[in-house]
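Quick one: the structure is below, and I'll ask about it shortly.
Going by the order they are written in, the chains are A, B, C and D; count residues from 1 in each one.
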Amino acid sequence: MGFDATALRAEFPLLARGGLHYLDSGATSQLPQAVLDAVMAFETTSRANVLRSVHRLAEAATEAYEGARSDVARYLNVASDEIVFTSGTTAAINVVARSFGDMLQPGDEVVVSQIEHHANFVPWQMLRDRRGIVLKALPLTADGRLDLAALGRVVTPRCKLIALTHASNVTGAVTDVASVVSAARAVGAKVLLDGAQRVPHGPLDLAALGVDFYAFSGHKMFAPTGIGVLWARKALLEAMPPLLGGGEMIRTVTLERTIWADVPHKFEAGTPPIAQAVGLGAAVRWLSALDWPAVSAHEMRLTQRLLDGIGQIGGARIVGPAGLQGRIPVVSFDLEGAHPHDICQILDGFDVALRGGHHCAQPLMDYLGLAGTTRASLALYNNDADIDALLKGLDSAAAKLR
Amino acid sequence: MGFDATALRAEFPLLARGGLHYLDSGATSQLPQAVLDAVMAFETTSRANVLRSVHRLAEAATEAYEGARSDVARYLNVASDEIVFTSGTTAAINVVARSFGDMLQPGDEVVVSQIEHHANFVPWQMLRDRRGIVLKALPLTADGRLDLAALGRVVTPRCKLIALTHASNVTGAVTDVASVVSAARAVGAKVLLDGAQRVPHGPLDLAALGVDFYAFSGHKMFAPTGIGVLWARKALLEAMPPLLGGGEMIRTVTLERTIWADVPHKFEAGTPPIAQAVGLGAAVRWLSALDWPAVSAHEMRLTQRLLDGIGQIGGARIVGPAGLQGRIPVVSFDLEGAHPHDICQILDGFDVALRGGHHCAQPLMDYLGLAGTTRASLALYNNDADIDALLKGLDSAAAKLR
Amino acid sequence: MSDDLYQRAILQRAKGPAKRLDSPSASVTVDNPLCGDRVTLDIKLENGAIAAVGHLVRGCALCQASAAVIAATLPGHAPAAADAGREALDSVLMGGIAQAPWQELAIFAPVQRHRSRQDCVRLPFDALAQALAQAKT
Amino acid sequence: MSDDLYQRAILQRAKGPAKRLDSPSASVTVDNPLCGDRVTLDIKLENGAIAAVGHLVRGCALCQASAAVIAATLPGHAPAAADAGREALDSVLMGGIAQAPWQELAIFAPVQRHRSRQDCVRLPFDALAQALAQAKT
């Protein structure tokens, strides 16, 4: 198939206007025309509530919504009745922390890590305080990766769940899932992966990964805000009580009691984010049509330029792995004597959008002894001009601030 | 200002194409061009994550998002830091049922009614089963209104919350809020209103209503799916623990403990539905500019035609109040010997979109002894032709099915 | 577009009299949670064959007609004919034809284009399968 | 567009030496939760006037410069000058001017157009207000 970086970037209206080097895709990605069109077409030709009415608009809306579920299932290589639409990664992980978490007993253990985004940390801390479970954090290695050698020590027979990020939003490090899964299996624990940063970088085979829960957001993978996905094995979804009650998630309601609907609907109380799901479906179809080896090679080539360029700035230091092995195109760095917000602000003057701060990973910042880092996070639409602008701006910022 | 029904309808692309008599707005309303444009403009010029980065796109996104919060606050006549964005009515009520509900003690009482949508019923039933509270249902009068005379009997000093619909999605009856509020005040209970059906029919003055919680969805009030609002008094929001944990809702996170952010952010864990909030802001600005006395007169004139017309069909019976007093333009009916789904299907053949079934109000259906009703729910864009088509189609359906 | 569903044949079946059995071998009631429809099906087995079928439907015309076709078709056949009926219905709903003795299911051909209504036609067949399973035990 | 924030005046102040006080009348540390910035402010009162201000900032240049302007301006003035400083800053951030003795706050005029950064400049004034409240009790 091949891959034409210029043509691909032209598919993103916000970027095609020019004048912006957007390197904050780890926070939120931009939207391709195909997704904008899918949402618009839905809203202007098929908008209706789903699973409720029999008129033609409602039938079209239901088909679009359930079609999106199938599209997402295909992107992940799982069954579509295991796909629960949520409002985002955070909501998805909270569902697990409540629905699965509240089935745990005091003294049961949940293992997270020191590198987690608050979305995969705070819900477990809340569960600890609510249920008296023990929350353990896997330590990190010197270069900011998960210290998987510690798994044997941290994961005990009381462990019921290991909840880790699939790829770090700060360091870009990708987790070695196989060793996590085998540590979990050895004690009968389940594995949850926070895939928020991983999904924008190519299709997944969850079946092959062997995990039990997977969570991600649409807005980081070229889809609308307000939509996310919780995937879980069907047997788990069936065993878990729902978090939210309301319409669409019931079979029958009487004054005395309620019987839940089948999965996945049991977890989709109320009118779902219909147009947003349709947008997510369009995004995964768009993503699936790309030549991924070529896209990845492009992302990694730019990442290498970034790592090299930052390395040449005096006083700059990459935070996390310094190479391309097992990483997504997310690069954090520290510039001695310069505050991340000052760097980002000066770079904004060069039309470069970066993010500085703790990146919702305060436990990691504590570990690193930093108030924050400056982060460039790339997506498939970035190009050499973006990297040039960033490096040029960084030189200037360093000269100014240090 | 006045009101031009034809011009107004022309602002809705899905309806402007013609060929459809959409009378299912109680399920989901259509979108005006102004809202579609606002969402599109945001996605193609200002899309970024909010409250996080300092680059210009992020500043624009944050301003758009927080601006929407102010717009909504103005529509409700409340302070904007009391507006919590959620994914919809169902999510909003569930937040209250968990965050406020879990502060209740076994034996405390929550009063709902037999007319509630499952969204304002199932969460309280779940709370009952979780916390051992007592759940009571206010009975109905013969014409399907809340039996407010029963308040004195049902609301005891153990009552902590009265949670009622502001307007019924089945009968269209509007609740007399003043007597509910005074019954609640007499025993120190709070009042929650489910405003899902009320908000599309004009601006509100929540301060004057004197309630404590208010919940509604964007998708029923000419805004996108995936967005809703929980309004609550600030003191209540401050006292309530958050339901969901994650980014954006924290002040500081350490391995040991987390300190929440100020309200409303404490209740907005994770990346919010940003573009959808922007769409909701555009919708309330659009709504606020209308001449509401004229719009209401238009809605009520069509409702009267509907009530009269259905009354003339043999074997048809209005379910709920038969007049215009204290009602929104939502009309349910029963046609003897004809099943609602058959009616809706035949009407679809006349290009009329209706909804038939239990309308997520099974306890009401049990009370009425009906499997379901057929419902026509109007919005400001409906016109005489819609009513004509409905009545003509109903005649034909009645002849066919009975 | 949708009016075609309510052709004479379906409506006649739907409006025909519903009759329960007095002493059935098995009797089953199933609900469709989405629309609240409820089908009760009675069967009487004699000498390994289905002697009679009773039915009562609180539901839409499609559901009523489907139950009525079962009640009219099945008596005199072996229980295996129920499975054949299910297959015949699936075939009709996918645009195919219905084999004997289920030719009358052809009246449901227009439902092919109305996915949200297919379960209405299927519900009586669900009840039938459950009733036969009950009769066997 | 944003580069204007980092003019010579602000950067010089930001890079100037930070100095804590040895025996302050009051000392306060405040955090900005959003960006993790942290300001420590010491004040020494003598005869009802502010004799000295010490400061240490882990934060951005705007925050550092703001603390440095306080430390340079306030000594010799009555505590009420702190409130005047807050007002002068608000005025500058809304496009107005800063009254004596706070004229130097004019260096923050460009922050007016960067709402997300205004808290950075305000944080040292928050710390100052808290320190004075502490000194009074």
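Here is the rule we use: a residue touches a chain if its C-beta (ideal position, glycine included) is under 8 Å from a C-beta of that chain, and two chains touch if they have at least 3 such contacts.
Because the structure is a prediction, the values reported are computed rather than measured.
Among the chains, which one keeps its Cα centre farthest from the Cα centre of chain B?
The chain farthest from chain B, judged by C-alpha centres, is D.
Please report how many Å separate the Cα centroid of chain A from that of chain D, as a whole number.
39
So what's the Cα centroid distance for chain A and chain B, whole Å?
One centre to the other, that is 31 Å.
Which integer distance in Å separates the CA centroid of chain A from that of chain C?
Spacing between the chain centres: roughly 48 Å.
Can you list every residue of chain C that touches 2 or more other chains, as numbers and ranges?
Those would be 1-2, 34, 114, 117.
Could you list the positions in chain B whose residues touch two or more of the other chains?
Answer for chain B, listing residues that touch two or more other chains: 54, 56, 58, 250, 252, 341, 345, 348, 356-357, 362.
Which category does the touching pattern between chains fall into here: line, ring, star, complete, or other?
If you draw each chain as a dot and join those that touch, the picture is no line, ring, star or complete graph.
For each chain, which other chains does it touch, given as pairs?
A-B, A-C, A-D, B-C, B-D
For the complex, which residues does chain D have touching chain A?
Listed in rising order, the residues are 1-6, 11, 34-38, 58-62, 114, 117, 120.
Any idea which chain C residues touch chain A in the complex?
Touching chain A from chain C are residues 1-2, 31, 33-34, 114-117.
Please give the residue numbers of chain B that touch chain C in the complex, ascending.
Interface residues on the chain B side: 339-342, 345-346, 348-350, 356-358, 362, 365, 371-372, 400-401.
Under the stated contact criterion, what part of chain B meets chain A in this complex?
13-14, 17, 20, 22, 24, 27-28, 30-31, 36, 40, 43-45, 47-49, 52-58, 87-91, 93-94, 97, 114, 117-119, 121-123, 125-126, 137, 217, 219, 224-227, 243-250, 252-255, 257-258, 269-276, 341, 344-345, 347-348, 352-357, 360, 362-363, 366
Report the residues of chain A in contact with chain C in the complex, numbered from low to high.
Chain A residues touching chain C: 51, 54, 56, 58-59, 62-63, 250-252, 261.
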